[in-house]
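The following pair of complexes shares a single chain, chain A, combined with chain B in the former and chain C in the latter.
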Partner chain A sequence: MGLKTLEKITAALESRPAELEQLRKQGKKIVGWLAYNIPEEIIYALGLIPIRIGQGGDGRLVEVGARHISTKNCVFVRQVLGQFAEKTDPYIKQLDLVAIDATCIQLYRLEELINFYFDYNTVVLGVPRNFATKEGHEYFRKEVEFFTKKLELFAGVSLEQSRLEEAIKIYDGIREAIKTLYRYQSLDNSLLSWRQVASVINAGYNLDRERYLELLQELIQEVEANLSEESGTREVEARIFLSGSLIPPGDTKLIDIIEQLGGRIVGDDLWSGLNFFLNLNIKEPTPYGVADAYIDRVPHGSLPYLDLKSDGRLANLKHQIKEFKADGVVYHTLRYCDAFTFKAGETKDVLGNIPFLEIHTEYSGSDFEAIRTRVEAFIEMIKSKKEIAELV
Partner chain B sequence: MSISGNYFAGVDVGSLAAKSVILKDGEIFATGLVPSGVNSVESGLSALNLALETAGLKKEDLIYIVGTGYGRVSAPYANKAVTEITCHAKGTNYLHPTVRTIIDMGGQDCKAIRIDPDGSVVDFAMNDKCAAGTGRFLEVMAGVFKVKLEDLGSIALSATDTVPMSSTCTVFAESETISLVARGERPENILNGIHHSIANRIAGLFSRVGIESDVFFSGGVAKNSGMKTAIEQALKVNIVKPEIDPQLIGALGAAVIARNFARKEGLWA
Partner chain C sequence: MAITAPFSYPESIKEKFIATPGLKFKDGTTVSSAEIWEFMTKEAPKRFPYAFDAGANNMGRFSDDVHFLSGIKRGYLTLTLKDRVMKEHAAGTPTVLVQGGQAMDAYYAAGGIPVRPGLVMQWARNMHEGLSLRQSETLGLNILESGRRKISIDACNQIAAHAAIDNKVVPIDLIAPFLCLRCSDMSFLVETHRNREHDIPRYLVDYPVDHENKPWAAEYIATELRELIAKIAALSGRTITDEVIFNEIKLENRGRRIATEIAELWWDAENPPTNSTDFFGIAFLANDFVGDPVAAVDLLEQSKIEIEERVRNNVKGFGVPDHAKRLYICGSCVGPNAHHAQTAGAIFVGRDDSWSCISVPVEEEGDPYLNIAKSMLAYPYEQRTEKRAEWTADQVKRSRADGVIFMYQWGCNYQSGVARMISDIVKEKAGVVTTFVEVGELGRSEATEQSTNRVEAFIEMV
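Our next item is the complex of A and B:
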């Protein structure tokens, strides 16, 4: 049985580009944003329409993007650049402003290129490398303040505290709902899968946030109403946790392979996945309050380890693996995504005994069989461990 | 004629060779090894038929067949498919129970595998998607020097020097080799350098999974004495002498797993 709310979300997504066209005709402006630390609440509170941009998984667009940057740059960045070069994406062609944060240096460069080659109005948000210090916090506060001023000029309105409070309330609701959906997808008696939750997250970045929150709450109710009474009846399964580089909409290669081979994804700490919604507590409805909350949450992998033992990303990774009862970690690294590629070995060593598989890939099909063999052997290894007395 | 005993087969279709092993109860009964063709189904069947012919058996006499290698995804003759990583682990454990680390070098990839005392995989790593450090790489090098593939190792062992080879990409290594020959370097010294450059690359794979004694070398390239020596030097280990052709280990493991599956499914007690 399918979940009806998922169909509603799909329908809402299909009609969204036309809806945006109408809203633009009425004078609304669209802000395309990318990465991890753009405070969407501020965009929303200013009456602007935030849309997270960027797709993956299309080798042809990567080649189009590579006409403007080196083939040694991150494959995701190349594809996004390809999307801007072609301008056929229904969202990208409607953007009035592009906002990118400098968490990942390659994405920061993307902002410059979009502005230089494709004449988009852009704004960049600086992010401190040393985010744990007082100076780091101060720098980010000033950056968010500056970012807000730029957006105020662009929107032609000033940021009102009451509007920001409303926005924070909506976004807090979305964050809580996503965390709830993650819990449900990891249960044995739920109709919801990780893949569906990932699609719901991606859809949400394009939809009206208030409407999206309503849909999420409806989905939760539907999932709760359909929880099966039987649980734990599945065969021995390999519960896979995804970590590493982002997996944006459109990039389904690794997910397809894991699922085709009988693996079950039960959680992730991807910045394109669950991490984005974790530990973000805005205590004060001001740009400074927003800045503090963003910089204090689970750090993005592009930021350095400040202290390996207390690193928030690693602590969160360990916690989530336990929380979702994962049997193994598939650590996904994208070609030339330096941040996560550099950290692969360390992450494996820090995690210790849990089975760990690094998959290094890009947006082409040439490595499909090679990845398939690695993932299949990994799943065999996990299953063999779980049913040690039996076969294989 | 009635057939006594219980027979299980493993078929390993690799990029360069297809191999099969038939187990009679718990013993190796027959083997088959043929070059792989374009059609992986036919290659697997050829190897299986060769082993059946040697054993004097028909396919129907086999209780269970497991396919492995890259051809496992298209093996209609097999009851089940299992990856070559798991099969090399099981095959090695069957022959050499004290082995904990396996280097498998096949036609198109290279694997570092660590196993537990039961022959279950504990960790593994594979080479990147290019052909560096594989049988195909050595085949190209044999072509450059116009020598037989099977002579490559002994030629490398006769070297008086090691000419460093900086490229591990097959295409670039070929052009680098031609430049070295033009510069007047001796072929055996260049080949020695090639073997050592591959061995050093393999050492990198082991930095990810670790090494624990005993160490075994499986796959077609394991028959290359020069590669065995270079790996022993790079990893600072002694490699266990194989009891059978090391190229058959994957198929042997598949046959061992076939026997286990047959037992689990109640086809054999």
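Our next item is the complex of A and C:
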């Protein structure tokens, strides 16, 4: 049995480009944004339409993008650049402004290239590498304030506290709903899968946020209503946790392989996945309050942190693995995504006895079989281990 | 296999050389030219034979222009780095891993010796003496690959310096670079040290992107510089006052000023007064000061006098081809082989990487931390790419370059990302031909044909 709300979300997504076209005709402006620390609440509160951009998994677009950047840049960056070069994506061709934060410096480079080669208006939000220090916080506050002023000029309106409060309420609701959906997908008696939650998150990048929140709440009700009474009856399964570089919309290679081989993804700490919705508590409805909340949430792997023991990203990873009762971690790294690639060995060390498989890949299909073989062995190993444990 | 005779300085220039001034050092000692001559002709060829390999592929080969006497002293400072740093380190001076192409004022002022990744590797290779070029390079590559095995094959060559620290090949007391737009790997590589057995303290001086007209960016860096200096001072035991920092700033400003004047002299000369190796070697002194700003500035002053004399007498540097095609080099960490380029008929007239931090003096009054921060933020190389490219185009015009080569190292994500954009802008603004080349041979002199071919083909086209 399928979930009806998922069909509604798919339908809403299909009609969204045309809806945006109409809204633009009525004078609305669309802000495409990318990265991890853009405070979307501020964009929304200013009456602008935020769209999170960036897709993966298309080797052809990677090649198109590489004409303007280099093969030493990560494939995601190359593909997004390819999307801007072609301007056939129904969202990218409608953008009035592109906002990128400098959490990942390769994305900052992307912003420069989009601006120079493809004539898009762009705005950059600086992000401190020393994000945990007092001076880093102070710097980010000023950056968010400056970013807000630039958006105010672009929107032609000033940021009203009441509008920001409303926006924060909507976004808090979305974050809570996504966390709830993650909990449900990890249950044995739920109709919802991780893959479906990932699709729901991806849909949310483009849909109107109020409508999206309604759909999320409806989905939660539907999932709750359809929880099976039988639990724990599934055969021995390999519960896989995904970590590492982002897995953006369109990049399904690794997910397909894991699922085809009988693995069940039960959680992630991806910045394109759950992490984005965690621990973001805006205590004060002002640009400073928003800045503090964003910089204090689960840190992005692109921001270096020099003390292993107190690293919030790793603490969160360990917590989520436990929370989702994962049997093993597939650590996915994109070629030339140094932020996550350089941490692979360390993450394995930190996780100790938890089975760990690093998959270093690109968007081409040439390594499909090699990945398949490695994932298959990994899943078999986990299953055997669990079967033996059950026998004992 | 043919063996090239090692490079040596001819006895015929000895008398003239030892009549020139020696070099002064920051600890108050001096070395005479006679002592430098002894070192460069007797001791160094035995201890560091690789440096005297006369093969054209040897990127670190000494200049053939033996009559440019400052060039010999430049070689002396390079080859004595290990001895000088080890001696100072043994006496309690902290060694600090830093980023290249950045202001060194804060590090030296706090009583440390800043060593960028390239110098760390030179130092590491020199810890084993008596090695041929191949042996020395193999040693370096082994260190490099040990780093890549531990971290990632995607890492650029800088990982070798971090592996040399991890493997305790060289004693580093603090890992505390500036972050900036030149390098993709530094911050992540510094982070990897948190999962090592050693407990070398670490610190990062963040470098905000897109910082133009944002006073808070300078304030952020200034606060970090206070922290950095306090950390180094805690290791060096020095008391750091504003006056101490300003004294260092003044000294390094003098170096930057002289290097800029040398570049101006060189560019305006009818004939290039030195070859590419000497020109870059001397100008680079004001970039990292080779472990001793006093000695580096002293040598810059001597070099300027020598170059002025050559320009006055319209002397062309030895090795400079007739009607040489003038090439401006962009990118970072790597550059084309000067000897091959000369053979193909070209000379290098500038380099955006090294020239950037030399071109910005630090204000000598006010808050020294804020002044250093402001100068760092003013480096042309670290601006938004469009602005950086416009500065580069000005440099290209000023140096009367005929073409531009943008070269970047394999594994470099940030320079590679803008290679085409800079090349396109410079081509349009300066009206010269440009190309960009990725190379993977940093640290070795074998299997370099691919990039040599591309550079030579470009020179032919120019």
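Keep this in mind: the second predicted complex is superposed on the first by the 387 of 392 C-alpha atoms of A that agree within 3 Å, B and C clash if a C-alpha of one lies under 4 Å from a C-alpha of the other, contacts with A are read in each partner's own complex, and residues count from 1 in each chain.
To be clear about the criterion, a residue touches a chain if its C-beta (ideal position, glycine included) is under 8 Å from a C-beta of that chain, and two chains touch if they have at least 3 such contacts.
Because the structure is predicted, anything quoted here is derived from the model rather than measured.
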Which of chain B and chain C A:E380 touches, first, second, both or neither: first
Touching partner for A:L242 - first (chain B), second (chain C), both, neither: neither
First, second, both or neither for A:A35, with chain B first and chain C second: neither
Greater chain A contact set [chain C / chain B]: C
Touched partner set for A:R109, first chain B, second chain C, both or neither: second
Which of chain B and chain C A:C74 touches, first, second, both or neither: second
Chain B versus chain C as contact partner of A:G345, first or second or both or neither: both
Partner chain(s) touched by A:S366 [first = chain B, second = chain C, both, neither]: first
First, second, both or neither for A:K142, with chain B first and chain C second: second
Partner chain(s) touched by A:V197 [first = chain B, second = chain C, both, neither]: neither
Residues of chain A at both interfaces, chain B in one complex, chain C in the other: 345
Interfacial residue positions of chain A with respect to chain C in the complex: 67-74, 77, 102, 105-106, 108-109, 112-113, 116-117, 124, 126, 128-130, 135-136, 138-139, 142-143, 146, 304-308, 335-336, 338-339, 341-346, 349-350
Chain A-facing residues of chain B, complex: 70, 73, 82-86, 90, 109, 118, 120-124, 126, 128-129, 208, 257, 260-261, 264
Sites on chain A touched by chain B in the complex: 345, 348, 355-356, 358, 360, 366-367, 369-370, 372-374, 376-377, 380-381, 384-385, 388, 390-392
Residues of chain C that touch chain A when the two form their complex: 150-152, 154-155, 179, 181, 184-185, 187-195, 202-204, 206, 208-211, 214, 216-217, 219-220, 223-224, 384-386, 408, 410-414, 416-421, 438
